[in-house]
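Per-chain residue numbering starts at 1, and chain names A, B, C and D are given in the order in which the chains are listed.
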Amino acid sequence: CPHEALTYVTTSRIYNEVGDWEDLFAPGLAGCQGCNTELLMRHTLRRVGPETVLATPPGCVPGMGSVGFNGTTGTKVPVFHPLLTNTAAMLAGIKRQYKRVGRDVTALAIAGDGGASDVGFQSLSGAAERNEQILFMVVDNEGYMNTGMQRSSCTPYGAWTSTTPVGQGSGGMPSQGKTQDAKNLPLIMVNHRCEYVATASTAYMEDLYEKLDKAIQASKRGFAYLHVYSPCTTGWRFPTDQNMEVARKAVETNFVMLWEYTPGDGLQFTRPVDDPLPVTDYLKAMGRFRHLSPDQISHIQSKVVENLAFVKQMAHRQGA
Amino acid sequence: MYEVRFHGRGGQGAVTAAAMLAAALLEEGKFAVSIPSFGFERRGAPVVSFLRCSDREIRQLTNIYTPDCLICVDPTLARTVDIFGGLKPGGTLVQATNKPLAEVALSPNVATVGLCDAIGIALQIFSKPITNTLMLGAFARTTGVVSLDALKRSLEDSDFRDAGLKQNLLALERGYNETTVHTIERRAAA
Amino acid sequence: MTTATLETPNQTKPAKQKVILCEGNEAAALGVALARPDMVAVYPITPQSSLVEHVAKLIADGRMDADIVDAEGEHSVLSVLQGGALAGARTYTATCGPGLAFMFEPYFRTSGMRLPIVMSIVTRDGITPQSVWGGHQDAMTVREVGWVQVYCETVQEVLDTTIMAFKIAEHHDVMLPVNVCLDGNYLSYGTSRVELPDQAEVDAFMGVKDVNWHVALDPLRPMAVDPLTGGSGGKGPSTFVRYRKGQCKGMQNSLRVIEEVHAEWAQRFGRSFAPLVEEYRLDGADYAIMTLGSMTGAAKDAIDEARDAGKNVGLIKLKTFSPFPVEALLKSLNKIQALGVVDRSVGFRWNCGPMYQETMGVLYRLGRHVPSMSFIGGLAGADITVGHFHRVIEATEKLLSSPSVTMTIEPVWLNEKD
Amino acid sequence: MSRHESYPLFNLKQANVPDDLCPVATEVSPMLPGDWRSMRPVVDRDKCVKCAVCWLYCPVQCVEEKPAWFDFNLKTCKGCGICANECPQRAITMIPEAT
């Protein structure tokens, strides 16, 4: 399997470089068993390092105790709870003051998709427009998982959530999960012409690490945005040990595409999938799509094709 | 306390004129407060602003309802707006107009009138009907409440968006020199 | 606006004060510049806009060295400043009405985080009936969130108080955000003569800046800021109470600090303002009217005229509204037999003015019966004139002969028939 | 690149900061979620080639390097089983805690 061979080489390289760097989160955080977000946080902060101020708006990230509880903290660098709505603005204030006094401090956000794409979008967009020197990472688990799996604008079509439940409905119109497609936040950020925008997945760690490095550098010049797909074992309903499998399947079916954008080089795929698996391979890996009708599945498949064509077009145009 | 109400149209600088007059009064060691009216003062719409001056500190931050003097920087305004409302008996009108006194609308409370062809002069100086500094000159000539010198110094410290200081100083001076002052004789109404 | 380098008459005070003419909003901006903030964030809203325009121009002209953040809304304006303050910046902004409402979420938070941010509220009525004009409804609506709120009477007081606000906010016994409230329209656009303090003397007054000694987001001092606190188990309840009590202590401490800072200001700059409660011709008065903000000037003129007409009336003005200056107000209320309170906003729950409602609590502390009335005027840009105050004085005087009246059932609406 | 060293957390008492000002936390959480586990990873030391895949994907980062194999800090391991699922050598087995 080509994937495993790749992993073997990659892993050693990452481990040799950063394996003995300090994990800057407390050894114990209250993330769910098999939490992809916890995995992502630990790698990210290890890489970004201690000269960092970390913002974690309400969601799973502080929910698992990274900002702590009644006097104890889960993070060894300065960390805070912004509001769900103002993460980018608060970080901008912090970064600007350190810049004013001549100190090199990384302003890092690890935010959920709800706090970035919904109620926090205004401050995110404003900070991106002003090109604030921030590294803004969105952990996209496609819903408000911390508060009980409610839908967000990043929840995909057809998905069960606690506010888009499955039921028999009325008038012969059954309730079959979310009825709208997901908002494509990373593409919206591309249209802010940020210094750096990329999508990533924890199943592709070498890709993620490369993008982290580029984002850290870009955040010294302006706004850097990283959108990381983060399967949620609890909210998406799959066994805890399947997390990387689900993340991998998302990419192998083109449900999730891995690309990066800079104003100079435009948009480019970093892990193109030439021979994608059918999207059903991804959908059947979890319980939140179990109820889908054939029509819904074909809608999702057609959206995958459409999204791919759209991003390819952007890659073609901007790369040209 | 001496109270002045400015009448103009949005864009003619009635609010700025009140502030410049306040500054000139300040130059002369007096106390002055100016307050604009609050609304949607778009270009062309009728606007008012207020000025109080006194030899001692002014405490009231309110509009003016019974002015001693009206300064009307636009010749057509009196047709649409009751500019005379609340004018004190024996009051003063300083009016931009090219008409003779007999053709100027007055109220029974007007005792002194200063007339200045502000539009005509402004077109010569600015090629635009900007009349506010001209009418400050007319006010000084008509009332003597402020000196021409103090107004000049006030202008020198102002920011002008539409014209230069030199033009405004000329306008001020011509406003002062080319204003005719009339006293209305009325029999006491028994 | 216009400057004149005149010597000020009749003042014994340090030299080097320039006399200028400016509107209230410009006075606030000049005060901010003299206080040397590191960061200001701005978003325009009527009638505050000219204030932030003046700030922007002062920075553009190099007369003020601050980082200006043109944020995309008031919510982010205050959020940027929170970040700035946590990194050690002295910070400032201004807003009003709908902007303050939109800002409420971070506004609520600022006091709990003990961030000494200074924010002018160029007070505005609202939000519906839709209004762009002055009134205290916005500032009154947020009075229970733990900000110190002071109201100014004159353009000069706006300038001086804006500088003092930073010193009050940053006092170690206070560490709370401060609102300097200036009435939209009459004070924000009212142009008047002010004395501009000298920068070096303001620097000496302000002392050393240290705004994040108590909480910081700084890799050299790692800590978690605002972790989840409370709940019903373990240390939760006691921990939460500790912080809430700390906030209340800071509020109460601010009463003393406001007085101290005003006293120091008077001593250094020769201008004194009553820090908490001002009495005007109250000694020997049988009854009094009570005011807040820029309406007070006309009220004082009305009092003078009433006194000349033989009426035994005085005036009480609040400068500090939050925390409510209970002890200072008790002293003033002790001198009178009847009270009329004029509010520029509405207290919906009690059907009276909010200041009246708060004052009734203090009247109870007097231990004797003082009949009182609530007057509401000046809503949405309406004027409160000397004539209105004569009506207030007459109605309050009648309370002297109606001791059975306890409190207002229905307020008197001053502009109802204007 | 050298190893990162983080600064020690701030000490409020030493800095004379009253404990009733801003809510802050200055001690690292002592929580150890090892007792959440119902299944425990066990390494076959002969099969382990130290490829570090388990380390890469372990959400709690409880994988520790030993002289010739990788092992787990059971004080923090939550027992999710990702390591066992991802190990290319199939060197990790999840076994019930009770045994």
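The rule is simple: a contact is a pair of C-beta atoms (placed from the backbone, for glycine too) under 8 Å apart; a residue touches a chain by one contact, two chains touch by 3 or more.
The shown structure was predicted, so the numbers you read here are calculated from the model rather than taken from an experiment.
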item: Pair sharing more residue contacts (C-beta pairs) when C-D is set against A-D; value: A-D
item: Greatest separation from subunit B - chain, by CA centre; value: D
item: Centroid distance [mean C-alpha coordinates] between subunit D and subunit B, Å; value: 80
item: For subunit C paired with subunit D, centre-to-centre distance based on mean C-alpha positions, whole Å; value: 53
item: Chain centre separation in whole Å, for subunit D relative to subunit A (CA means); value: 22
item: Separation of subunit B from subunit C, taking each centre as the mean of its C-alpha atoms, in whole Å; value: 35
item: For subunit C, residues that touch 2 or more chains besides their own; value: 216, 219, 221-227, 229, 239
item: Multi-partner residues of subunit D (at least 2 other chains); value: 6-7, 9, 25-26
item: Subunit C to subunit B touching residues, read off their complex; value: 1-4, 6, 9, 19, 21, 23, 47, 132-134, 154, 183, 185-187, 189-193, 294-298, 300-301, 381, 383-386
item: Footprint of subunit D on subunit A - complex, ascending; value: 4, 7-8, 11-12, 14-15, 17, 19-24, 26-31, 33-36, 38-39, 42, 46, 49-50, 65, 67-74, 76-77, 202, 205, 233, 239-245
item: Residue numbers on subunit B that touch subunit C, as the complex places them; value: 18-20, 22-23, 26-27, 29, 31-36, 38, 58-63, 65, 153-154, 157-159
item: Subunit A contact footprint on subunit D (complex, rising order); value: 1, 3-7, 9, 25-33, 36, 51-53, 55-62, 65, 73, 75-76, 78-82, 84-86, 88, 94
item: Touching residues (chain side subunit C, partner subunit D) in the complex; value: 112-115, 175, 213-216, 219-227, 229, 239, 242-243, 245-246, 249-250
